[in-house]
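Next up: the structures, one after another.
Paired with subunit B in one complex and with subunit C in the other, subunit A is shared by the two complexes that follow.
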Partner chain A sequence: MNLTSPASAVYWTLIALTITASPHLMAMPPWLGGLFLVMVAWRWLAASRSWSAPPTALRLFISLILLILVFVASGGHWSRRAATTLLCMMMAAKLMEMFQPRDLRLVAALCFFMMTAQFLFNERLVYLFYLGLGAWTATMALVSIQRLESTPLQQPDRPWQGKLIDQSRQAAGMLVLALPVAALLFVLFPRLAQPLWGLPQQSMDGRTGLSDELTAGSIANLFLDDRPAFRVEFPDGQPPPVDARYWRGPVLTELDGSTWRRSQFADASSPLPEARVGSEFEHRIQLEPHERRWLFALDHPRSGPEDSRLTTTRELLARNPITALTQYDAWSVNAPFGPQTLPASARAYYLALPEGRNPRTRDFANELRQSFPDDDAGLAAHVLEWFREEPFRYSLATAPLGRHNADEFLFDLRDGYCEYYASAFAILMRAANIPSRVVLGYMGGDWQEGGQYLLVRQSDAHAWTELWIDDAGWVRVDPTAAVSPERIDYGARGAIREPRHALDNEWLRNLRNRLDRAQHTWNRWILGFDAARQQRMLERLGLPRGTHTTLAVIMVIALALVTLALALLLWRRDRQPPRSAAERAWRMLLSRLGRRGMVKKPGETPREFAHRIQTDLAAGNNEFRQLAELYSRVHYGPPHAELAQDFIDTARRFKP
Partner chain B sequence: MSEARAPTLAQDHFSALQNARAEVNRVIVDKPEVVDFAFTALLAGGHLLIEDLPGVGKTTLAHAMSITLGGNWQRVQFTNDMLPADIVGVSVFKRDDSSFEFRPGPVFANVVLADEINRATPRTQSALLEAMAEGQVTVDGQTHPLPQPFFVIATQNPLDLAGTYPLPDSQLDRFLLRTRIGYPSAAEERRLLTEPDRRTFLADMQPCLDPDTVLALIDQASRLHVSEPVLDYIQALIAATRSHAAIRVGLSPRAGLALIRTARAHAFLNQDSFCAPESVKTVFPGLAAHRLQVQPESGLGSQEIIDEILTSTAIP
Partner chain C sequence: MTPIADRIRHSWRAAFRRWADRWIQRRGPSKPPLSLGYRQIFILPTGFGWIFGLITLAMLMGSLNFNNNLGLLTAFMVAGLAVNGMLVAFNTLHGLTIRHCWAAPVFAGEPARLRVSLANDDTRPRPGLSLRSPTDKVNFALDYDQNHEVDIPIPTSQRGWMHPPRLRIQTTQPLGLFEAWSWFWPEQPILVWPRPAQPAPPLPVRGGGSQGHRTVAEPQGEDFHSLRGWREGDPLHLVAWKQSQRHQALLSREFRQEQSEILELNLALAPGKDLEQRISVLTAWVLMAARDQRPWILDLGSESLGPGSDESHRNTCLRALAELPK
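Here is the complex of A and B:
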C-alpha cells in the first residue's frame, strides 16, 4: 500500500471515512457495523487491484438491501441514532460508485458532516481528539484528491512533491489556518437559549445511573462505576465539611414488598419552607446526563434554577429529563427544615408497611418501643448504637434477600452495602411507629485541588434514611455511618478496601482525576459557553447587547476581517518551497533556533548567521558553525548526495 | 579543494596565485580587501577603478600588481592635453620602405596604470575605454590586438574637480569594480612611517605569475560552480536595484553577467570550490555602486542604498 500513489486518494478517503464513522459504528448493532467495514475493505481492494465499478443494477440492489437493514436495526423506531446509522450505511453504499474524483470529494467532504453528527450525542473532551484526527484525515483525503486531479500538471523538477510528509503538513497547515475562523464562529455564532434537539432521548447508550427504586444490590452495582455523576463548585472555593456532603436525589416513600419506590404523586411541588434555619450554601453543579429529572443538590436543597421545582419530599426536579450536560446553581441549608406538623394522613403514609412480612423486626420494634415509650429520637439513637455494637459489617456483599428482608438482614446476614442498612433501618423505624423514608443520592466526592471543584462519581452513590421527629421535622439519619464511619470520612472506596477491578490502582486513579480536571475545564469553558455567557462576554467587550441579527452582523464583519488577515499572512508567507531535502532540514533547523530567539536575518548567509549566534549558543559549541559550513557546501556547491545526507542527519541530531 | 583542480598543474597555478596575493599584501599594508578586489578584477578578466585621494597607495598597488603578475606594465599619467594617440599608439610613415609602421602606445601592456583618468578629455578617455572593452586597438583601419591578459588599473581623484572631466556614467560601466583604498589604521601607519620606503619593497618583489598562468587561472575561475540558489540570489539583487525607489536606473543584464563573473573570481581567489553567497555579497558593492544612478532628491548615497539592498534581500 502506497499512500502517495494515485490510488492514495481512495485510501485516504476510506481512512477518513472509517475514522469519522467509528463512534457511529460502535453505537450501531455489530453486524451492521461489520457490514460497513466490509464495504470499506472491498473498496480498498478495488483500488489496489484496479477493479471497476459494479453495474448500476447491482449498486441499486445493494443500496436497497442496506436501507432495509437499517430499518430493521432501528426496529422502525425513528431516532437520532437511526438517522446516523442510515447516514453511515448510505455512505457505505456511495463507496460503490466512488470511482471519480467528484465522488471522492463528496465522500471526503461528508466525513466532516459525520463528525458533526457525532456531537449530537456526546460532547466530551475525548471527542476533541476524534475531531482533530477526523478533520486531518479528511483534509488529507481532499489534498490527495486535488493532487490526483492535477497530476499531469505536476512539475517533474520537484521530486519531493509527492512525499507523504509534505502532504500531511499541507493538510495540517490548512486546518491550522481554519482554527481562527473556528474560534470566531464558536464565540460569535448566535446561540439558542434552548438546545436545538430538545427531545427526550436515550443519550447514555445503555449506561446506568441512580434509579428511583431501591432493591438489594442496586447501589452496590454502581460502586464499580467511576464515571463522574456531577461536579460541584462553591462560590467561596471551599467545599462543605466531609460529613455534610450528602447530595440529595430521589426520595423513596413506599415499600412495595421488599422494594422501596418513589411515590407516584411525588412530583407535586411544595411551597418553600418559610423559616430559614442554619447557614445557606450556594453551589454550582455540572450534572452529567442521567436521563432522569433529578437535579442533585446538597442536602437539604432550598431552591434551584429557574425552571426547576422542589417537591413535597424536598427533591429538586427539572422540567425535562437531563439528556445533556447541565449546569445550574442551587441553594441549600445545612439543617432540617423548621418544625412543621405532619398531618395524620401523611403520618399513616410514612408508617405503612406491607402486611405479613418481617415478624422479627416488628417484635424487636415493639421491644424498643417499650423501652422508649415517648422518645423517638432516643429510640433511633439506641438502634444506631445497636448497629455499632452488634457484629454488623459494611461490605459489597449483595446476597439476595427473601420475603422477610429486614429480618434476614438485621438478625442473620448483618453484612451488606448502604442500601441494606437504609432499607432495614427505615422498616424497623416504621415498625416502631416512627415515620421514615429512604433518600437516594450521593455521599462524599473528591475535592480536586487543581480545579477547585468537587468531583462526585457514580461510585459515590449512597442511600440513607430520614425520620420524622416531632418538633424537629424530617431528620437525616444515616445508619451506614453507625456501622462504618469510614464510609463518611473516606468515601465508599476508602471504606471498602478490596480492589474493585483489575484496573483499580493508585496511579490510574490519579490519572483519572487529572483527566477529569481537563474534562471539567472543557465543560466549564467550552460546553458551558451558552447564550447568557455569550451576551456577558460581548458586553464586556463593549459590543452592543442585542438580538441574533446584531450578533450575526458582528460575526460576519469579524469573519471578513480574520479572513483578510489570513489572506495577507498567506500572501506574505508565499515564499519559495525548499529546493531540496537539505534546504528543508536547514529551514527546520532555523525555525528551531528561531524559537530560542536566534533568528537569521534575510540578508545573512548561513556562515555569517552561524558566526553571529556563536556567542548565544552553549559555550564551546562549534557544532552549528560546522553545520552551517556543511550546509553551504551542500546547498551552494556542486550536487553531492552523500554530503547532503550527512548534513540532514547531523542537522536532525543537532541540539541548540 | 574540489576534485576539479586535482591536476598538479592547476594546483601549481593556484599556489602561485596565492603567493602573488601574499606578496602584494606585503607591500600594501592593512588593505587585504583592496588587494582582494584587485585580484578579483584580474581573475574575472575585468578592470579596476580606484577612486581615492592622492598618496594613499593607488600607484603602489598598481605597481605591485604589475610586478607580481610577471608581464610588462605601463603607467600613463593622464593630462588634459593628451590625445588618443598618446594612449593607443600612432602609425608612423617609414621612409626606407615607404610604408606606415604602427608604434604601439602605452596601452600595449599586460598591466596599465591609468593615473588620474579624469584629467584627460572625454575623447582621450574613450580611447582607453574602448581599448578596455574590445581588447584591441584600431588605428588607421588596422586592428591591433592587445596583449593578453590585459588589466587596467585606473585612478581617479574625487575631490579635485577643477579642470577635470569626470567619467560619464555610461563609461564607468567599463570598469568591473570600483573601490576606495582609504587611510591605513594608526598602527599600520606607524609601521609605514618607521619602515623603509615602500619602493624598496617593490624593488625586492619577484614575479610570481606569468601571463599564461594568469590566463589559465582566469579560465579556471570562470568554470567555478554557481548553484541555483546563488543564481536566484544574484537575480534578486539585480531586481532589487531596479525596483528600489531611490534608484533611477538599476543594474543592466551586463552588470548581472559581470556580477556572476566577479563572484566566481572572488570565490576562486578565496579557495572555495563553489561560488558561495558570501562572495556575491562581498563584490556586490564594488560592482554596483558606480553603475547605479541614484535619484538625487532621495538624499541617499549609493553606498547606503546598496547596504540596504544587501540586508533586505533574502539569501535563498
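Here is the complex of A and C:
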C-alpha cells in the first residue's frame, strides 16, 4: 500500500469515507455496518490490484439489495437514523462505480456532508476531533484526486506529487487557512430564530434521559449514566444550598396500574393565576438535548425563556423538543407558592387510585388517618418518621414489583431506589386522602469550582413527591431524604456505597470533571452561540443592532477583508526568500544590478540576461557572464557543494 | 435543426467569439511574451465546484434549521476551503510568464507542434497546469525558478500562414473546485506547407516524356537551365518565343554546362485538375527530389527558384509553394 501512488486518490477517499461514516456505522445494525466495510475493503483491493468496475447490471442489483436491507433494518420506520443509514449504504453502492476522478470527488465532498449529518445527533466536544480528522482526510482525498488528474500525460505511472508528508502538509495548511473564514462566518452568519421546517420527533439514538413515566427501575437505570444532563450558572456565582438543588422536570399525576404517567392534557394547560411570593432566583441553564419538550429549572420555577411556558403542574415546557444544546434563563422561587385552594374536581383527580390494588397500603392509610384525622402534614411527617425507623434501605436494587406494588415495597421488600419510595409514598398518601403527585427531575449536582458552574448528570436523576396541604399549597416531600439523608447531602453517588462499574474511582471521576469543564466551555462559547447571543456580541462590539440585512452586510464586508488578508498572506508566502544559499546570492546579485538599471526580464535565463546586459557593463567585463554560467550549473545541474560555494564567493566579490 | 437555423446559430456563435476575443485582447497583453496578471486571469467554479457548493448549501440549511452549531462550523470550514481554493488557483497562474511560442512548418493536414516556452520566476512551484488548444490538452507542472517548454499539437488544414487559435493555460489547483485560466494568442503564424500529393506521379525525368518535364534540343549539348529576361546581345535563337508571348515580355533561354541532370519542376506543367492539385504534386516532387539529392529548379511562373538540392533550397521551395496566392 503506497499512499502516494496513483491509487492513493482512491485510498484517501476510502479512508475519509470510513472515518466520517464511523459514527453512523456504530448506530446502524452491526451486520449492515459490516456490509459497508466489506464494500470499502473491496474497493481498496480493486484499487491495489487494478480491478475494473463490475458490470452495470450487477451494480444495480447490489444497490437494490442494499436499499432493501436498509428498509429491513429500519423496520419501515422512517427516522433521521434511517436516513443516514440510507446515505451510508448509497455511498457504499457508489463505490462500485467510483472509477473516475469525478466520482471520487463526489464521494470526498459527501464526506463533509456525512459529518454534518452526524452532528445532528451529537455535537459534544469530542466530535471536534472527529470533525478535524474527517475534514483533514477528506481534504487529503481531494488533494490527491487533483494530483492524479493533473499528472502529465507523458508519465501516467508517476503522478505529479511529492512525498506523503508534503501532501498532508498541504491538506492541513488548506484547513488552517480555512479557519479565519470559518470563524468569521460562524460569528456573523445570521442565525434563524425559528426553524424553517419541522423537527423530527426522534433522533437521539435512544440515548434519552428522563422519560415521562415512572416504573420500577426507570430511574435506577440512569444511575449508571455519567453523561451530563445540564449545567447551571448563577449570576452571583453562588450555587443554592445542597438540600435545595431540586431540578424540576415532568410531573406525573396519573397512576395507571403500577405506572405513573403525565396527564395527556398537561401540555395544553396553563397555570392558574397566582400571587407573587418570595424572591426570584435567576439562573442560566445549558440543557443537553433530550428530545422532550420540558426544560429543567430549580424548584419552584416561576418563569422561563420567552418561547416557553408553565403548565398547571408547574412544568416548564419549550415550544419544540430539545434536539440541540439549548441555553436559557429561568427564574425560580425557593418556597412553595401558588393558589391556596384546590378545586374539588382537581382534588378528586389527585386522589384517584386504581381499584383492587394495594389492599395493605389502603389499610395502613386508614390506620394513619384515624391517628391524624385532620392533620395532613402531621400524617405525612409520621410516615417519613416511619420510613426512618423501619429497616428501609436505599439501594440500586430494582426488583420487579407485581400488581400490589406499593404493598410489596412498603411491607416486604423495603429496599429500592428513589422511584420506589416516591411511587409508594404517593400511593400511600392518596390512600390516606391526601392529594399527591410524583415529580421527576434531578437532585444535586457537582459544583465545578474551576468553571463556576453546577454540573448535573443523568445519574443525578431523582423522583420525589408533592402533597397538597391546605393553606400551604403543593409541598415538596422527598421520602428518599427520610431513608437516606446522604442522598441529599452527598448526591446519589455518595449514598450508594457499591461501585457502579469497574472503572468507577475517585481519580477517574476527577478526570471526568476536568473534561466536563472543557465541554462546558465548548457548550458555552460554540454550541450555545445563537441568534440572541449573536446580537449581544454585536452590541458589545459597538455595531448597530439590526436586522438580518445589517448583519449580512457586515458579514460580507468582513468576509471581503478576510479574503483580502488571506490573499496577501498567500502572496507573501509565495515570495519568501529561496532556500539555497546560491539562490540567495544570485538574487542579491540581481537586485544590485537592478539598482543600476539592469533588470532581468521575467522568463529570461541567467545566460540570456548576462548576454543582454553585456554591453551595459563596464567594457571587457566578462565576469558577470561567467557568474551567470556558474549559477546555471549550480542551480540547474546536479548538486555540487564546492561549485555552489565558489559561486557565492565570486558573487560577493563582483562589482558591477 | 434546419440548416438555416444551424447557420444562424453558428454565425451568432462566431460573432460572440469575435466579440469575446476582442474584449480579452483589450483587457491587456494577450501575446507572448507576457506575464499573467489579474487582467488576464479568469476564474470560475468547475462543475464539481458547483456540486460542492450545493452540498455546502444543504449542510448550511440543515444546520441552520436545527440550530446545529457544529454543523454550521463544518459548512463554514468547507466554505473557507473553497475561498482558499479560489485564491490558490489564481495564484498558481499569477506571475507565470509565457515567453514565446514557436512551431516548425508542417504539411497541411498534419498537426503543427506548437512549442510554448514558459517560465516560472517565482520561488514557488506551480503544479497542476495544463495547456489547451481547441482540440488538445497537455498537463504539465513548473517547479520554482524553472523554464519549461510545452508542445501542443495544432491541427492544420490549408497551406499558407496559419494564425494559431487562442490557447488556454489553466489550472484547477488545489482541490478541483475552481478553474483559473488565461487566454493568449501565439505571436507568430505557423507556416503550413502544401499537402504532398498521395500517390505522387513520378518525377519528370529528362527523356521520360512526362508532362512536367521539357527536353530542349540544345547546341553543344548544354543543359537548359532557366529562362531569364532578354538582354541586349542575346542571339535570336535563344529567345523563347512561346514563353515570351505568354508573359508579354521577351525571354531568353539560358544554358549552363552541368554534370548532373537538373529537374525542372514547373507549376504550369504539373499534372492536376486545379491549382491546388498541381501544388500538391509539386510539393511531392520537391520532397522526392530532396530525398534523392537531385538538384531541381522550381518554376512557379512568377518566379523561378534554384537550382539546388539542399535542405534550405527545399524549405525555400516549400515556403514559396505555401505562399502561392489561392
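In this text, the second predicted complex is superposed on the first by the 521 of 656 C-alpha atoms of A that agree within 3 Å, B and C clash if a C-alpha of one lies under 4 Å from a C-alpha of the other, contacts with A are read in each partner's own complex, and residues count from 1 in each chain.
Going forward, a residue touches a chain if its C-beta (ideal position, glycine included) is under 8 Å from a C-beta of that chain, and two chains touch if they have at least 3 such contacts.
Nothing here was measured: the structure is a model prediction, and the numbers come from that model.
Once the two complexes are laid over each other on the shared chain, residue contacts for A:309 go to neither subunit B nor subunit C.
For subunit A, the partner that touches more of its residues is C, with subunit B and subunit C as the two candidates.
Applying the stated contact rule after C-alpha superposition, one finds that A:512 touches neither subunit B nor subunit C.
Of the two partner chains placed by superposition, only subunit C is touched by A:113; subunit B is not. Shared-chain residue A:605: touches subunit B and subunit C both. Contact with subunit C, but none with subunit B, is seen for A:323 once the two complexes are overlaid on the shared chain.
Of the two partner chains, subunit B is the only one that A:632 touches; subunit C does not reach it.
Shared contact residues on subunit A (touching subunit B in one structure, subunit C in the other): 575-576, 583, 601-605, 635.
Subunit A makes touch with subunit C in their complex at residues 101-102, 105-106, 109-110, 112-113, 115-117, 119-120, 123, 127-128, 131, 135, 139, 142-143, 145-147, 149-153, 160, 170, 174-175, 177-183, 185-186, 189, 191-192, 195-197, 199, 323-324, 526-530, 563, 566-567, 570-571, 573-578, 583, 601-605, 635.
Contacts from subunit C toward subunit A in the complex involve residues 33, 35, 47-48, 51-52, 55-56, 58-59, 61-81, 83-85, 87-88, 90-91, 95, 97-99, 117-119, 121-124, 127-130, 138-141, 144-145, 147, 171-176.
Of all residues in subunit A, those touching subunit B in their complex are 575-576, 579, 583, 601-608, 632-633, 635-638. Residues of subunit B touching subunit A in their complex: 2, 225, 227-230, 232, 273-278, 281, 310-316.
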